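To start, the structure itself, in structure tokens.
The letters A, B and C name the chains in turn, as written, and every chain counts its residues from 1.
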Amino acid sequence: MTGRAAPLLGRFRAGYVAPSVLLVAGLLYAPFVWTAYLSLTRYDGLIPPEWVGFENFVKLLDDPALLTAIRNTLMWVAGTMLLPVGLGLLVAVLSYDIRGGAWFRVPFMLPYALSGAGLGLVWSPILSHDGIANKLLGVDTAFLQEAPHNTIAMLLVWTWQQLGVNTLLFAVGLQSIPKEPIEAARLDGASGWRLFRHVIWPLMAPLTAVVVGLALVASLKSFDIVWVMTQGGPGRNSETLAVTMYRDTFVASEYGYGSAVAVMLTVVTGLASYLYLRGRK
Amino acid sequence: MIRRAFLVVLGLIWLGPTYLLLVNASRPPDSYDSSRAWIPSPDMALFTNFAQAWESANLQESLASTALYSVVSPALGVLIGAMAGYTIVVLRLRYGFWWFMLLFGGTIFPSQMLLVPLFVGFSDAGLYDSRVGMILVYTAISVPLSAFVLRNFFTGVAFSIFEAARMDGASTFRIFWRVYLPLATSALAAVFILNFTFIWNDLLFGLTLTQTAEVRPVMTALAGLVTDVYAGTPVPVGLAAGLVVSLPTVVLFVATQRMFARGLALGGLS
Amino acid sequence: MIRRTPILIAASVLLAACGSTPTGQPKTELTLYNDKGAWSKYFTEMGALSKQQIDLGMKPVGYTDEPTYQAFIKASFRTDVKPDLFTWQTGGLLKEIVGQKQVAETTAIWQEAIKNGDLSEDVATYYTVDGKQYCVPLNVAYWGMFYNKKIFDKHGLKPPTTWDELITVAETLKKADIKAFYHTSVLFSFVWFEQLLAGTDPDLYDRLSTGKAKYTDPGVVQVMEKWKSLIDAGYFSNPGDKTDPADALKNDKVAMVSFGTWFNTSMTQRNLDAGFFVIPNVNASLPKTSMIFESGPLCSLAKAPDPAASMKYLKWWTTTQAQEKWSSARGDVSANPKVTIKSEVLGQVTKDAGSGKYRLVNRYFEATPPPILTAALDGFGLFVTKPDSYRQVLEDIQKKADEYWSTHQ
């Protein structure tokens, strides 16, 4: 950067980020402060909150349901990296330089348009005990009843819904790659896997970080599909941390305890994304 | 060839549930049987099903506001998010990574927990049940994704482009508007699509922050029909409603496919 | 063009904001916040009718997710956004908001309505806190068994009048390879617990919901064992079947489904002519048949924007003209005994209930405080998939109950 430009830029730079920062801080951070405060109280949403210090967090350590929720949430994270992200990369790479490649991606985008409630209606006749999946596979599994089947089944629904998004973002990443290094590598005789591994993959790293970063956060907060399909049951065996948080706060009206789960979930999500993104400045 | 075959097979698997959706949304409401869900019905009832949903849920009043939110907010979000990404990466804002983490942090909060404090804040500020309020909230939600994608996209753009433009005497804003934004068309479009879909399908904020039919988004009218056991809505009617409401999103996907097919965007420029 | 767009947007946004309604004047149209988002159509029809009859319109603001709705209403007490009318729940939740002095008293409406026969004393019990009435019934529902007439006819079965007859019916169906009863592990997992307990020992049921009995008491354990024996006998459908219960009944997957009378809306929407009977007591020596009763209140705030208009509306809601429309639109029963019910069998049940033939038992969902209810729904959800777990399930619920009643007695 030239010395002449620097002072001029200095004046405007803060102004350019200000709208973003103000909106995010005012409408997303500020409300969470209230949740953080509630996590230190006993509160049912009606009678004014009563300060209890760290009691809710101490109770958290001793809650067996929380262990199940952590286990399931980890399954969601690992499964998300493997399926919607991994498969999304595969589809994007396979379709990016063939004729009409974008059209091959349309079937994967369609499910993303469907909202949560519709998702439940489409998948219940498939995953039901007397449903299509059992008939097709010739088995007799209660997909949504037993753990860990239910989490795996819901991960497949999630994959069905999310694959298109990841494919789309990977495709944008692939598009942003300059032609020259690829041509140069081709001239050197690189092709197929070697071309991908040594030339394309490093060049699409910035958008890969986006996909993985977003998937990490979304999977840690998995809620919608679980709530629509099992409500975390039966017997809380498919609960994720976000479902536990919602259940305790709003269903059981124990705002203090639910907020403590929310604070824990937020700290974990924030830390995980910081650790992941720090290495990829 | 193997590539195409793989994509076609996987695509067909993906279309399986979509097929179920179509077949059952077109079925007369009283002939739904989940154990024979894959067999198409001879009677085509998609439009009568949708008419029934439309009538029960009073959809027309909400459609206009939903369209407003899901176009304006992602557009604003993508612009100011891109501006933030540009400032952080290209203008090399000091402590840029931390500013970026601050924006990205907007995605880590579980949205269910934001609802009650947002409602209380909005009613104090007079924003409850107003379109301005809804646009503000949806824009705030769009910003982190936009900033993230565009920041990372811009790191892949050669810095020499910026330097060359500076040499020509262009202002930083002009460089952003005339050089960087056009470069990032596909990224901007992808972000717009994702935020559009999120807002179009949003239920949480729409339910909690609005009241009158003119301000409420369409999903709030629809969701009850689909999920509420007290409604007794037959499955085909629920599916038809869900299908038709997701049509705008599908149209957007298909219409924008060209943008992602245009090939190596940057290759042509440098 | 590009540069002008943001300005246009800003302008249109401002115009939109100015369109909000003024406050503080006498109202001609009320907002009715409700957790029955699916009933919007019926509410809107009622709004048109009230406009006509008492010159006071009404528009519904529907929520679809019960927990979010309750959180919203509670939060609104702290803000200037005040619903004119809102739906709520009987039981502990009503007591809670009455205790916070948020709800307008309706004793006068009740006294008059009881005098001219629009409401009954029986129902008043559910709306009474410390001798005074609050809210009016938005809807009432009696719980019983919907059955598939086709299946019953084919196997020569008749609606049972005793528990033994019910079991004989289930046994006959089992031999014909038909699942007798619908079962689910999501939300409505409590139905059979409540039914069996109320039909065995309704007093124990009442004591349990007020914390005076424990889930680990022998009477409750026996109910779970009874329930388990019915599951083991193979009378229930698999709770992993995710088919909508109305479709399951229609498509001969199950012969009987236990729900409130509102389930009839599902039946009429599917053109299914289903039968209905009151579930007989397990314990034949009880003086009256226990029948699960559900009622959702329609309330007005003590600090409503226009208290007179809200009261006027509540009063109108209980009248026969209003209730005729409200119950016939949904094919459901009414809290007003003078209303003629479309369905003959539901009309008979309403009449019998009004004349004191049954012992009405408050539905488990309303009778049980939310934290215990949440634990119990999860517990029963586990039990229906793993019946052997019943002792553990009861212990877990009791643990939550102990915790709750230690701070709420």
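Following the convention adopted for this analysis, a residue touches a chain if its C-beta (ideal position, glycine included) is under 8 Å from a C-beta of that chain, and two chains touch if they have at least 3 such contacts.
Model, not experiment: these values are computed from the prediction.
Each chain gets a centre from the mean of its Cα atoms; the one farthest from the centre of subunit A is C.
The chain pair A-C and the chain pair A-B differ in C-beta contact count, and the higher one is A-B. Distance between chain centres (mean CA atoms), subunit A to subunit C: 36 Å.
Distance between chain centres (mean CA atoms), subunit A to subunit B: 15 Å. Residue positions of subunit C touching 2 or more other chains, listed in rising order: 68, 71, 75, 187, 242-243, 253. Multi-chain contact residues, meaning those touching two or more other chains, occur in subunit A at positions 45, 124-125, 128, 130-131, 246, 249-250. Multi-chain contact residues of subunit B (touching two or more other chains) are listed as 34-35, 112, 116, 203, 223, 227, 235. Of all residues in subunit C, only 6, 9, 13-14, 16-17, 19-20, 31, 33, 36-41, 44, 59, 61-65, 68, 71-72, 75-76, 78-81, 187-188, 242-244, 246-247, 250-251, 253, 262-263, 265-272 touch subunit B in the complex they form.
Only residues 29-30, 32-35, 55-58, 72, 76, 112, 115-116, 119-120, 123-124, 128-132, 135, 203-204, 207-208, 211-216, 220-221, 223-225, 227-235 of subunit B touch subunit C when the two sit together in their complex. Contact residues of subunit A toward subunit B in the complex are 1-2, 5, 8-9, 12-14, 16-17, 19-21, 23-35, 45, 87, 91, 94-95, 98, 100-118, 120-126, 128, 130-132, 160, 163-165, 168-169, 171-172, 175-180, 203, 206-207, 209-210, 213-214, 217, 221, 223, 228, 242, 245-246, 249-250, 258-259, 262, 265-266, 269-270, 273-274, 277-278, 281.
Taken together, the subunit C residues at the contact with subunit A in this complex read 67-68, 70-71, 74-75, 77, 96-97, 100, 185-187, 189, 238-243, 253, 370-371, 373-375, 378-379, 381-386, 389, 393.
Those residues of subunit B lying in contact with subunit A across their complex are 3-4, 6-8, 10-12, 14-15, 17-18, 20-21, 24, 34-35, 37-38, 80-81, 83-84, 86-88, 91-93, 97, 99, 101-110, 112-114, 116-118, 121, 136-137, 139-141, 143-145, 147-149, 152-153, 155-157, 166, 172-173, 186-187, 190, 193-194, 197, 201, 203, 219, 222-223, 226-227, 235, 238-239, 242-243, 245-247, 249-250, 253-254, 257-258, 260-268, 270.
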